[in-house]
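Each chain carries a letter (A, B and C) given by its place in the written order, and its residues are counted from 1.
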Amino acid sequence: MTSIQKHLNKLRWISLSLVFIILILLPCLSVYQSFVAAHAYDLLSPSEKSFYEIMEWLTPFVSDPENELDMIKGTTWSASFFGIKLTDPLAIIGQLAAGLQIYWPFIMTGLIPVTLTIIFGRFFCGWICPATFLYELNTNLGVWLHSANLPIGKQHFDRRIKYLVLFFGLILSFFTGSVLVAAIYPPAIIGREIYYAIALGGFGVGSVFFILTLLFDLFVARRGFCRYFCPGGAVYSLLGRYRVFRINRNVSSCNDCKKCTAICEFELDPMRDNFGQECNNCSACIAICPTDALKFTMNCKDIASQGPGHLGHQYSEKNH
Amino acid sequence: MNIKKMNLIRIFFLTLFCSSAQGHHVLGRPSYSLNEDSTTPPSMQVEVQVGEYYITYMVFPAFPSPNQPGRVNLYASRIDNGEPFQGQVIFKVRDNNWLNKREEVLGIQAVDDNVFRQGFEFQEAGNYIIRAEFESDSESYQIDFPLRIGDASVFGPIGVTVSLIALLLITVNLLQRKKLINAKISPKYRYKDKSL
Amino acid sequence: MERRNFLQSLICAAVSLAAPLSTQAKVTKNKPRFRYLRPPGSLEENEFEARCIRCGQCAETCPNRCIKFFGTENGLSSYATPYITPREQACILCMKCGDACPTGAIKSIKRSAGTIVEQVKMGKARVDENLCLSYQGKSCGVCYRACPLQDVAITVGWMEQPHVQEACVGCGLCERSCIQIPQAIKIIPNYS
């Protein structure tokens, strides 16, 4: 069991990369569809023709691209997947705040994500979010800069700021009558900006905002935006508070090596059994643990602090 | 004789049915005829809604370059009833940058066939701002339009930044993958030793 | 692609730079803005902004790629909401965006002439007789031929002068096709 869990982090990277590739592919397919719909092949420029051919090659079992490729549309913010519509819970809450209207067909699109979050916690943040993909690469860039003795951000703020951001975002959405949370939510921004760049010929203002968050993460606080400001992360934290699947530490096989605490993107402290609602079940700590002390268990609450690991110095000194 | 007559009748009927269809291409003057100097349509058409007016702004030729005469056309029509504006428009020009605010009057144009036309010829390539000023119903209007002389760069500043950052992230992560994990868990990088 | 990008940046610059000369009181009145259309079946403007979650699926399903998105140039409350500039690319009334919209900000409307005439209200075309070639005695009729609702939304006179009827839904195909610059027929949007 543990040996499978060891590989979950690799699986997570595959999942993140796949989501990102799909986010790039969907706008390309949308452009391809518009070419097909216009019967425009003969009118395309040489570069567009080769684009058309690549897209045709990528969709070998599609006989009627104009309609069949409509099966998968959207971004992680809101998508339609073979007739099933899925929406980010933040979009639903934001829309409720903006219009104070309940439109049931839309609310139902959040049912699956909310249920999954209640069971698996913030798995969206760790396994799907396209911003997480870039932010984690950005963290590694920070490590690289640090190893070259360049200054990187090591600030700490209060984690609860993100709940305030969520609260004021919703209040502002209400007063402006417009879903403003969508404008500062990185995964929504990335989905949009990729579409703008591919189909509409240029990045928009959202990219500027996203670059600023990258710089903030690099030079102010590691993974700062996700941990302190992301309104969507706040929603997922609240929903996933009593998640069924969570990581626990088996104190008898822990040797206090602190690698899990160092690797944790969110600077949580697995070695002190300190996960809380911020843990996004990313399983990086499981992968790095040399003694297989960390693993996923089915448990609605974190185990209270169990003290030093039994294989470590502190424990052996205390008992002998 | 008979055959000739038949031909004439045939031609008569042909012209009767065909003339209207051909006429579109002959009589329907193409759009860019509003500028007699240019064989291309304008590079852009900016339409703005200000106060009582829809204002359409066009630049001829399609991509004006330095030392080449060009022209700006302006057409203003009322939003409520579509009546075109008939007064006078003052055209001014300035550089599109924050430091140099010096304005130059290009000319004052009266309406001609409902359109205001202002010629220009720039020595230097660059981004300029054309300002059109006019007064209507004792209200003054002042609208700025962009004008690009010479070739524009293909990528915008945001596009360049985004691609640079993406490239940096991917190369660093791919080339230093193993090293980074070790660096991350090394004591040197750990800065959060609050617990022990 | 390059030219399009160039144009877009220029248009954005035009709007952000445009500023009225007059006194304080007239500033808000003379604030420059675009003439744009919402996708077919869109709710009334305020309700639309409250309903739309900016997911962009309408544009992604649009086979004509006519739907674009606002940046900040039309105010923060319409940031990233979809719009159509008929002169650049007009709506072909395929009604796919309504089916794609998860929030009902764009209503799902059946694709038939009857329901479209009844329920789609993007705007209404207006002919500028000073510019229209047919009104100048040069029979043109391009807008009439472009109209998807010929003889219902638009009828023509003996020199093919267009007459816009009540049934016009404002798709903008006439404006897109007009060979005059500035265009002699244009859609006056419903929200203004």
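A few remarks follow.
In the analysis below, contacts are C-beta pairs under 8 Å (C-beta built on N, C-alpha and C of every residue); 3 or more make two chains touch, one makes a residue touch a chain.
The structure displayed is predicted, hence computed values, not measured ones.
With steps allowed only between chains in touch, the distance from subunit B over to subunit C comes to 1. More C-beta pairs in contact connect the chains of A-C than those of the other pair, out of A-B and A-C. Our note on geometry: subunit B versus subunit C, Cα centroid distance of 18 Å, whole angstroms. The mean-CA centres of subunit A and subunit B are about 39 angstrom from one another, to the nearest whole unit.
The distance from the centre of subunit A to the centre of subunit C, with each centre set as the mean of the Cα atoms, comes to 36 Å.
Shown for subunit A are the residues that touch two or more other chains, namely 202, 204.
Residue positions of subunit B touching 2 or more other chains: 156.
Counting partner chains per residue, subunit C has residues 2, 5, 9 touching two or more of them.
Subunit A contributes residues 26-27, 30-31, 33-34, 37-38, 66, 70, 73-75, 77-80, 85, 87, 91, 94-95, 98-99, 101, 103, 105-106, 109, 176-180, 182-183, 188, 191-192, 195-196, 199-202, 204-206 to its touches with subunit C in the complex.
Against subunit B, in their complex, subunit C makes its touches with residues 2-3, 5-7, 9-11, 13-15, 17-22, 26, 29-35, 87, 126, 128-131, 133, 138-142, 178-182, 186, 188, 192. Interface residues of subunit A, counted against subunit B in their complex, comprise 134, 137-138, 140-141, 143-144, 146-147, 154, 197, 202-204, 207-208, 211, 214, 258-259, 261-263, 267, 269, 271-272, 288. Interface of subunit B with subunit C (complex): residues 20, 23-24, 27-32, 34, 41-51, 54, 56-58, 75, 77, 79, 82, 84, 96, 114-115, 129, 133, 139-146, 148, 152, 154, 156.
Of all residues in subunit B, only 156, 158-159, 161-162, 165, 168-170, 172-173, 176, 179-181, 183-185, 188-192, 195-196 touch subunit A in the complex they form.
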